[in-house]
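Letters A, B, C and D name the chains as they come in the text, with residue numbers starting at 1 for each one.
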Amino acid sequence: MGTVAAQSPALLPAAGLMRDPGGTGRFGEFGGRFVPESLIPACAEVEEAFRQAWSDAGFRQDLDRLLAVYAGRPTALTPAWSLSAELGITLLLKREDLAHTGSHKINNVLGQALLARRMGRTRLIAETGAGQHGVATATAAALLGLGATVFMGEKDMARQELNVHRMRVLGAEVVPVTSGSRTLKDATSEAMRHWVTCVDEAYYCLGSVMGPHPYPWMVREFQRVIGTEARAQCATELPAAIPDYVVACVGGGSNAAGTFAGFADTTAQLIGVEAAGGAAIADGRVAVMHGHRSYAVQDEHGQILEAESIAAGLDYPGVGPEHAHLHDIGRARYVTVTDDEVLAAVRRLARAEGILPALESAHAVAWVIRAAEGGELPPRATVLLTLSGRGDKDTATLLEVAR
Amino acid sequence: MGTVAAQSPALLPAAGLMRDPGGTGRFGEFGGRFVPESLIPACAEVEEAFRQAWSDAGFRQDLDRLLAVYAGRPTALTPAWSLSAELGITLLLKREDLAHTGSHKINNVLGQALLARRMGRTRLIAETGAGQHGVATATAAALLGLGATVFMGEKDMARQELNVHRMRVLGAEVVPVTSGSRTLKDATSEAMRHWVTCVDEAYYCLGSVMGPHPYPWMVREFQRVIGTEARAQCATELPAAIPDYVVACVGGGSNAAGTFAGFADTTAQLIGVEAAGGAAIADGRVAVMHGHRSYAVQDEHGQILEAESIAAGLDYPGVGPEHAHLHDIGRARYVTVTDDEVLAAVRRLARAEGILPALESAHAVAWVIRAAEGGELPPRATVLLTLSGRGDKDTATLLEVAR
Amino acid sequence: MTATISGTALGPHLRRRRDAGRKLLAPYLTGGVRADWTDYLLAYAEAGADTIEVGLPFSEPVVDGPTVQEASHLALRRGANVRDILADLRRVRVGIPLTVMTYYHLVQREGAEVFCANLAGAGVRGLIVPDLPVDELGTLERAATAAGVDLVLVAAPSSTPARLREIGTRSRGFVYAVSVMAPTGVRDELADTAGVLAGQLKQATDLPVLLGFGIATPAHAVAGAHVADGVAVGSALMRAVLDGESPAQVGARVAAMRDALDRAYP
Amino acid sequence: MTATISGTALGPHLRRRRDAGRKLLAPYLTGGVRADWTDYLLAYAEAGADTIEVGLPFSEPVVDGPTVQEASHLALRRGANVRDILADLRRVRVGIPLTVMTYYHLVQREGAEVFCANLAGAGVRGLIVPDLPVDELGTLERAATAAGVDLVLVAAPSSTPARLREIGTRSRGFVYAVSVMAPTGVRDELADTAGVLAGQLKQATDLPVLLGFGIATPAHAVAGAHVADGVAVGSALMRAVLDGESPAQVGARVAAMRDALDRAYP
């Protein structure tokens, strides 16, 4: 994956980019539905229900109301006044950290939980790494009166004890996963295994733009609200209406996909920032895992590697299939930053703007700082950056690092 | 303070209630400016600057813009769908937990920080107990390029290690206070002592509706945005436009004051909920402390007692002077709930609505539950409750209690 | 790349035996789980297996329950990989056609043609890819055919009638009927779903139908073979392997099943 | 309630001495800080104090620096309270008028009239309330006058000229001039602000002006008395008390200051 396609005008803006991937769920050669036969009908049912719901004004209204009166949308667009001045650019922050539960994850789970209820399911299943998606799922389940079973690697449970307790207070059952590396990728596999046993009663609420069709598409659509709002807000904030750059961190890729979706048909350069320690696109090769075909980091024999990032939410060796496609056609660029750059970015944003970003989100900030200071961003460039979550959850990590 | 004046129609709605307390800063017999002579000119200067700023459309616009694009206002008004059904009432939650930094504290500090900058001050001083106001102050200081010195009791620093680190990452200096009980009241005294030494350069950014005039009034005005928004939102959500009850927790009393201010001139019953372990109005007597005359809990000799609540933000033996006045004239009622009721309320709200409230805010929830279940609230009563902050900060406490 | 196809073809072999009234038995072994892992294959064959499923371990075994997960994990920690496992296979002569079971990731990373050719080169005559549904077969179907490897498709209790027909039509060698909506693993008794599914499949195809997932004891095997043409046995055997039983000991377990089947269906 | 006013009135006493050319010395002691605390009062008087400030400890001493905070805290832990301290005072005869220093909370909780009457009943002739600015005197001014207690007002370096006039006019007994923008406490040298403030006050009032906050050594006392009519000394003495010095030892510190003053201003 070494080479990054230069942004060639011919490839942009592709009509129909980031739209319905059709019945096979394909984004170019990526995506698909690579699951055991047992799960095929369940996935098909989710797809069918989503297609119906998404074209049902009543469903959209219900979701929009929840997003507004419950989750706190629209989230603010904050000019990073000081950092912009320091960097000689105009940096706008899309504030998903202000959404209920502290990150963009809530947008997706509210959509999926409403869908689950519409499908008559009584319980949500979810995988979680750091616990953010698990907390969001537990939250949506409580809100809609559904059960919640969250799979979490034993190692992550020990590292994220407080999030485990948050989920339990919210009424969720948290199931320790003891297989493999006992982290997110194993929790994901275990959630899928569990889903097989209860497809009639439970709904698998996936946490990012991954998994079998329709999940990558559906989750992107539920996250599209980020990009749609940001697009309208940029039109007010920026003389040119459209920013020159649109930047987001990429774990599975849902906050980036939701953001990019609002700008795919513009001239904005789309930049996804991966953790250097888990860079599926920069360091990975084509992989079929967790239901889709995309990129993932793997060893010489094709075994999937564990990711190693200071940001638990980016500790995933794969990436959503649509990002693989956007990379392949050169519509988006994927870059990496190191843990050290990320820690510096957290401090810098905190001191300049009074905003403590999640370590995940700080990846996007770190790239903007490097690109502006390294001259890669032209002077006065306008940059929209999605701040996917707040840093409170990471304070203990920062404290440890500081010691 | 045993007797609680019944809501007598004659006393309500008093014209001019919750307005400008005049040059002496009096709310009935409460309030005032009981500070060392050294601080009198500084307080007068703050009053003068606030009066000018508050009638300056430019200042109001700057503040409104910060509240909107930075702090995430207006905050949502969330119907507590399930809990309402369980209790047979209509309960609406004003979601200050969604504001930047996780509570209503940001409303006040943004106002004061803008004022400090307008006054040419280069540094903010603040006291903090649990760290919420300290984090908010550090945030506003970072945003506006000011220094921040936060005084915090040594005991609280040990209990709230993560918030201490958050402040430091935001660039604030956190000063341990080793005198007295080494908690919030001592930190407040120490902040005032420090302010004396640097009035020309530093601005004292007080965290609640207390302290010498103009602070109780000014902080209430900066928090009035809660009530103003909620009033407009209730007009949309409620057929009767005005709720029957308006409920908020009371530590110093700023979120309650800001909320009440929006409804003082209506027929709504105003309820302030204190912690049983620090109930300045329910258990206190008249006191002059930290610059104002109000109520505070004290021993037989008049010495101020330490408060003891599971909610660090309510661990203050006093209360803002305007609340003492609202109590005396019977316009607002002040009630108490126990730690056990609070813990149950946290769990109940979390499971019913997917919202984990701050322990402080859960005091208000606990009273509504008790009043509805005990028949004190008439069936179908409409209740506006200010959820002053989010519970993430309290997860460790909950975990300890659960063990 | 073309490979020399050696040994007996899987499909005709199984069909012949089935048609002769024999109930089919397909024990499973994770490739590379121990240094002497191929000795277990010999023991299985000796004990009367009709084919052996050889698992190529993958780091994300979503279809597998705890026992096979543990075995895969152990094999990978031992350094097992596709190339070496196939090389080992090339060196043993078990006398019955082997079937590889693995995840699609390991197939696609080499490309379907190369992968199938490599299988064939190692004497493997069947391939089961449990996370590859019939809709996603892509080039693998043709590549397997070209390499002389039977691509065995998997049916599940949740499969619709239309899908069962499709699976029945496009599967080669046999059809793998997943007895229960669950990952692989030992269960107390055969799920009700097994009989229903096997019955539907028998309507939909003439291929041998082997029932897998949860067949742990001779009694299970007999019950399964009542509705299907035979059974696949995995976790129960792997548990024994992981617990340190020798090839002879695990072979004896296979032999017991063989025995029970032959006795029940003489 | 009316109390019998006993002993010398504070104002005339100080004014007489000042007018006779004597520099005034007002040492401080926290009431109830030790069981034998009144012995320190006797030692102070013996050493040449012109009045003694007796602190009534309050749990929230916002004007005080670390030493006096510690003393207040200690006294409270020992169970000190206003009633008992005044009862102790009633029992000693120090021969000079005493001045109480305390926070407004302790005054208002009993009501100004009762509080002042109680002071007078204990022979106290002056009252300093450092957190009660002139704007907030309310009923205390009249109550103090009625009880024959001089309500001593405090001026600060930050006071405006208008406020200094007001303070000068309404203060009784003397004016307490805070030498520096800081809490009470030992400092290396007298702040520049001290001279400016004392000079302004001397313009604004004919009352004796005593300089307090930061006067720790005989040299400080001499420097302070150069611009004012005398000095108040607190933390330096309380440090010695807290460190365990006897009444005689601390009295010797006061005597040294008295000596230095008398020598410098013969």
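Note that in this section a residue touches a chain if its C-beta (ideal position, glycine included) is under 8 Å from a C-beta of that chain, and two chains touch if they have at least 3 such contacts.
Computed from a prediction, not measured in an experiment: that's the story for all the values here.
Chemist: Any chance you could name the chains that touch chain C and chain D both?
Modeler: Looking at chain D and chain C together, no chain touches each of them.
Chemist: Let me spell it out: compute each chain's centre from its C-alpha atoms, then which one is farthest from chain C's centre?
Modeler: Computed centres place D farthest from chain C.
Chemist: When the C-alpha atoms of chain B and chain D are each averaged to a single point, how far apart are the two points in Å?
Modeler: Here the centre of chain D sits 37 Å away from the centre of chain B.
Chemist: In angstrom, rounded to a whole number, how far apart do the mean CA points of chain B and chain C lie?
Modeler: Here chain B and chain C have centroids separated by 67 Å.
Chemist: Would you pick out the residues of chain B that each touch at least 2 other chains?
Modeler: In chain B, nothing touches at least two other chains.
Chemist: What topology does the chain contact graph adopt: line, ring, star, complete, or other?
Modeler: line
Chemist: Can you identify all of the chain pairs that touch?
Modeler: Once each pair is checked, the touching ones are A-B, A-C, B-D.
Chemist: Hey, which residues of chain B end up touching chain D in the complex?
Modeler: Interface residues on the chain B side: 24, 32-42, 179-180, 185-186, 189, 192-193, 196-197, 199, 285-291, 293, 298, 301-304.
Chemist: List the residues on chain B that touch chain A in their complex, please.
Modeler: 68-72, 75-79, 81-82, 95, 97-100, 102, 138-143, 145, 161-163, 165-166, 169-171, 346-347, 350-356, 392-393, 395-396, 398-399, 402
Chemist: Could you pull out which chain D residues touch chain B in their complex?
Modeler: Where chain D meets chain B, its residues are 58-63, 65-66, 69-70, 73, 76, 81-83, 103-106, 108-110, 130-136, 153-160, 163, 167, 178, 181-183.
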